[in-house]
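Some structures are shown below for you to check.
You will see subunit A twice below: alongside subunit B first, and alongside subunit C after that.
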Partner chain A sequence: MNLAVRMRGIGKSFGAVRALDEVHLEVEAGTIHALVGENGAGKTTLMRILYGAIHATDGTFEVKGQPAKFRNSAGAIRAGIGMVSQHYSIIPDLSCLDNLMLGAEPGWTIDKRVAEQRATELAQRMGFEFDWSAEASTLSPAGAQKLEILKLLWRKAEIMILDEPTAMLSPADSDALYGSLKQLVADGATVIVVTHRLPEVMQHCRDVTVLRGGKFITAKPVAETNPAELAELIVGHAMPAPSVRSVPDNAEDLLRVVNLTVAGHRGDDAVKSATFALHKGEVVGIAGVDGSGQRELFQALMGTSKLRHGEIILGNWSLHEHSIAERLRMGLRLIPEDRHEEGVIEEWSLELNAALGLQRFPPLAVGTIVNDEARHQAANEMARRFNTKHGGIRQPMSSLSGGNQQRFVAGRALFLTPRLILAFQPARGLDIDATRHVYDGIYEECEKGAGALVVSFDLDELLQFCDRIIVMNGGVVTQPNSRDRAVIGRHMVGVAS
Partner chain B sequence: MKIWALLAIAVGLVYGALVVAGAAPADTAQSLIQGSLGSAKALEGTMKHFTPLLIAGVAVFFALRAGLFNIGVEGQFTVGAFVCAVVALRMPGWLGLIVGILAAAVAGALWAYPAGWIKAMRGGHEVISTIMLNNIAGQLSTAAVAGPFKDPNQQGTTTASIDPALMLPAIWQDPRISAALLVAVLFVIGIWRWLGRTVPGYELQAAGANPKAATLAGIDAPKVTIRAMAISGAIGGIAGALQVVAYEGRFFAGFSSGYGFDALGVALLAGSNPLILFPSAALFAILAKGSTTIQVMNGVPKGISFVILGLLIVIFAAIRYRKVPVKES
Partner chain C sequence: MNDLRLLLEGTVILGTPLILAAIGGYFSERSGVINIALEGKMLIATITVWLVTIATGQPVIGVAAGIGASILFSMFHWLLTQRYSLDPIVSGMAINAIAFGAANFLDKRFTDPDQAGFPKLPLMAFWVFALVLPFLVWLYVRHTRGGLRLLAVGSDPEKARQMGVFPQRTRLMALIATGVLCGLAGALIVSNAGSYVDNMTAGRGFIALAALILGGWRPLPTLAACIAFGFFYQLQIQLQGTQVLGISAPRELWLCLPYIATLVALAGLLGRNRTPAGLGKP
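Showing the complex of A and B:
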């Protein structure tokens, strides 16, 4: 066996937290290897060690048969290792070519013509096409992902680490991406894909390594396993049967969106004459590639951006005529996309954050006076609801990991009998059990008469948890008449007819 | 780094600064305390600094909680003092004092309002706009007391003086403690309770800490910003007014000896706890009063107190704003 990467007994501690313990990874050269596990299983940490971004506390590793110890990422890059993080490191204001070269410029002076020629050759090898002088902000998520891969090739990487590469892509774009990766592998490269999407593993990868809770669980050829077994290995216990939900067909409308048009930040229409309804008790998922207008739709619903035209009716109220504060009073609750920036005040304690958005409502306030005791209790309850791990509710929010902040924010959104729950990627940073908990919490509120609108870029999540799925593509809302993955996938890229 | 290590560095630096200035540090420290707290007379002098520093400190503190760096307290202090002096001279008696103080609050608020509006509506930074407003306040008030409001019976650029019998009464004699101190203490306690106990106080701090999250929490962040700036200005104006009716009895060119700027240090040292404004303002007041004594007694240049203050603020800032370790996910 010709191993490209061989990691033995890797351990990593962050303070008192043991993030990795005795982890092994063997990746055969010229294959696509899947590294799977839940959020917090240690996948990204392990890859960052391989990439030289952080240092292992214990263990050793070899790259292409040579013992390796990288002082930093530059060392790893020299050894032929490249990594694409989950959050792309593309600078939107620079051109595609500048982004490609950034940090790996050919010399002290740059001959753009020569550089562009080499860039074009690289792209052609992969079957990509780029307008090199265009600003990177014009790229679609799929285009950005392709540019990231070219960045690795530009740096002559032979071992490529891709962290959740399809998180932002439509099913069609994901398939195309794996097509390119297979081509790279055929040319002799080695690819490690960090993912939690089992269908991708089964379909495209040759071997799979499973981590759980920072520990090595198993490694085996994909051909010798199946999705059910993998899921069980990842979670550590048999998956419970999905919650059974029945939504009455004839339930009255809770929310009606009629001919809604919303401006995007470039001045174009980001949401175009959207019309749809949400019934009482229903959980509706909005599928779509990132940037299809989901963000602007939520902003319009929440009241942070003005409508160009159209109506939003919640029960008997014309929602669009009311301020954000009034909408909150009517029972709108948001699980925001960016919890750091929009959901919490990081330097504040959990206790103070518990009241954010609910600060005017009893029992958290009596008239205009803050009720400390009620807020204290509320904070505890919000933290308990989805098992937020924290070091005391007087600790600052910034001391919590992202996943735990998300649990707290979800707990807060469901705290005071919500009427309409707007959840933007509610499962972000959550493991499988916690995701299920949060959706169960949403179901519970829906049974009491609320409704929920969920945006996710993960179609499988929506298929699993939502009663109905609508699709956004280029600001247009369509309503597929089937829950078939392929049908919805076609709606997502706008080729449904 | 541990807090104690930083404190040790602070003490070391202050000690070193005094040695460099050619003084015996122990003696100097003793005269500093003697000169500021050692006698009734010294204490009265320190109080004269402490009161305006405390109220102006509240003004800066309040704006900081709303996410605004109000460098303009100096200007608001000046217009407040000027307006109050003019009103109190026209309306002798206790009614004149009250009307004068209220007028000063309005003047301070109006002086701060443009900075808040520009920040909230146009995104212009309040530091720039308030510095400009400081300059305008300083020059205009000087022109006013050099011209139409000048006391014709005096040489300098000053208004006439209020009859000492008609000034703000003392609440304590020997050392004389003015009622202004009581007002200052009430301000600190009022702000402390308001920020900590009321929904508007909570919303103001949310808007200051994270305007985006505050907006999604139903808070009208721009409105809160404008209002906070105006209130901060009003407090600054009252600080100036009290300085007139409690201590100076008149307004003159160069009225504020930089109280508005020192108040920035007072508020920064207090961090997020308004009650710390008391020791913080006391520290500044003691150094302001005591530095005159050490100049006379120990031959240490007065400027050394600024060096000491500067060092202290830097060190305290390093302690206060140290990072909370964040857990890895």
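Showing the complex of A and C:
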């Protein structure tokens, strides 16, 4: 066996937290290797160690048979390792060509024409096409992913680490990506894919390593396992049967969105004449690649951005004529996309954060006076609902990990009888059990007559948890008449007919 | 005709120190380090150039010493903001305050009141360099590795780090460049005047910073902003006390002219400004 990477007994501590403990990884040269595990299992930490971005506390590793110890990423790059992180390392202000070259420029001076020619050759080899002088901010998620792969090739990386490469891609783009990866592997490269999507592992990878809670669980050829077994290894226990839900067939409309058009930040229409309905008790998923207008749709529903035209009707209110405060009073609740920026105030305690958005309503407020006692209780209840791990309700929010913040924010959104739950990537940063818990919580509120709109870039998550799926592509809402993955995938890229 | 010549000369005399300082600020701010300490660096350079030139009789040594002092202050800004994560505004204010006090002290302590004559380098050399510099910088950021890394670090230091660039190193180089150019700006100011006066930069470091911002952190529009400011400043000097359209405006009103006119002249011309995205990020 010709090993490209061999990591032995890797351990990593962040302060008192043991993120990795005795982890092994062996990757054979010329293969696609999957590294799987739940959020927080330590996959990304392990890969960042291999890439020299952080240093292991214990353990050793070899790259291409040579013992390796990288002081920084520059060292790893020199050893032929390249990494595409989940949030791409593309700088939007720079041109595509500048992004391609950054950190691996041809010399002290740069002849743009020569560089562009080389870049075009590289792109052609992979069957990609780029406008090299265009700003990288104009790239689609799939385009950015392609540019990231070209960046690895530009650096002559032989060992490529891709962290959740398909998280932002439509199914068709994901397949295309793996097509490219297979081509690279055939040319002699080695690919490590960090993912939580098991179908991808089964379909495209040769070997798989499973991590759980920072520990090495197993490594085996994909051919000798199956999705059910892998899922069990990842979670650590047998998967319970999915909760059974019955949705009333002819329930009345809870929310009607009619001909809604919303401006995007560039001044164009980010949502274009969207029309759809949500029934009482229903959980509707909005599928689509990132940047298809989901964000702006939610902003319009919440009232943080203005409509160009159209109507939003909740029950018998015209929602769009009301202020954000009134919408909250009507029972709109948001699980925001970016919990750090929009969901919580990190310097504030959990207790203070508990009242954010709900501060006007009893029992948290009595008239204009804050009810400290009720707020304290509410915070405890929100934390308990999805098992937020915290060091005390009076501790600042910043002391919580991202996943625990997400649990708390979800708990807050479901507090005080919501009528319409807007959830943007509610499972972000959560493990499988917690994800299920949060959806169960949403179901519970829906049974009491609420409804939920869920945005996720993970189609499988929506297929698993939502009663119905609508699709956004370029601001246009379509309603596929089937729950077939391929059909919805075609809607996501706008080739449905 | 004489007026016109005076206007042109005044524009160059007033505009060139601004250009040097503003382009100095360009390097710092483009690398992501907010820099309100251009003023302090210029000031410490003026007094150093003045004293060292007189002490040695060699203007070259004087200017070199001025640049050296300015570089030292600039590296101090780097140390405080990058190594010790101090807020760049606080660090900048501290540097301005230290420079102000130090310049005052050095002047009181070492300047000989009977000093006659101050040897200086040819002003023309400064002027030509200042006017050509923005074009050189424009070429530099477009066509060199250093330029690309400068923009990348200022735009997103964390992503740049992931690509194997060292943001702190890039910023140190940028701040040294800032030091050199602010030093030259200070040398030019004291050479223009021919003698040292207390607080002789008189807020021009801040004007340079404003020109940089007005120019959208781009070298050529920044050049335009500096020249426009110099032009309108000289214009108001010449118009002071004269009657325009039969009205004699008070002096204070004329003093506003360069600020207002530069803003108005450039606001429409320069288009959308884009702050370096990583400005102030650690």
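In the analysis below, the second predicted complex is superposed on the first by the 497 of 497 C-alpha atoms of A that agree within 3 Å, B and C clash if a C-alpha of one lies under 4 Å from a C-alpha of the other, contacts with A are read in each partner's own complex, and residues count from 1 in each chain.
To be clear about the criterion, contacts are C-beta pairs under 8 Å (C-beta built on N, C-alpha and C of every residue); 3 or more make two chains touch, one makes a residue touch a chain.
Not measured: the values here are computed from a predicted model.
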item: Overlay on subunit A: subunit C relative to subunit B, clash or fit; value: fit
item: Contacts of A:Ala134 with subunit B and subunit C, given as first, second, both or neither; value: neither
item: A:Gly403 touches, of subunit B and subunit C: first, second, both or neither?; value: first
item: Touched partner set for A:Ala365, first subunit B, second subunit C, both or neither; value: first
item: Subunit A residues touched by each partner, larger count belonging to subunit B or subunit C; value: B
item: Touched partner set for A:Ala325, first subunit B, second subunit C, both or neither; value: first
item: For subunit A as apex, the angle formed with subunit B and subunit C - C-alpha centres, to the nearest 10 degrees; value: 40
item: First (subunit B), second (subunit C), both or neither touched by A:Ala19; value: first
item: Partner chain in contact with A:Ala228 - subunit B first, subunit C second, else both or neither; value: neither
item: Contacts of A:Thr304 with subunit B and subunit C, given as first, second, both or neither; value: first
item: Which superposed partner A:Ile90 touches (first subunit B, second subunit C, both, neither); value: second
item: Subunit B versus subunit C as contact partner of A:Pro336, first or second or both or neither; value: first
item: Minimum C-alpha spacing, chains overlaid - subunit B and subunit C, in Å; value: 9
item: Touching residues (chain side subunit C, partner subunit A) in the complex; value: 142-146, 148-149, 151-152, 155-156, 159-166, 274, 276-277
item: Contact set on subunit A toward subunit B in their complex; value: 14-15, 17, 19, 39-40, 45, 302, 304, 323-329, 334, 336, 341-348, 352, 355-357, 359-360, 365, 368-370, 396, 398-404, 429
item: Complex interface listing, subunit B residues touching subunit A; value: 196-203, 206, 209-210, 212-220, 324-329
item: Residues on subunit A engaged by subunit C in the complex (per definition of touch); value: 53, 72-74, 77, 83, 85, 89-94, 98, 101-105, 107-112, 151
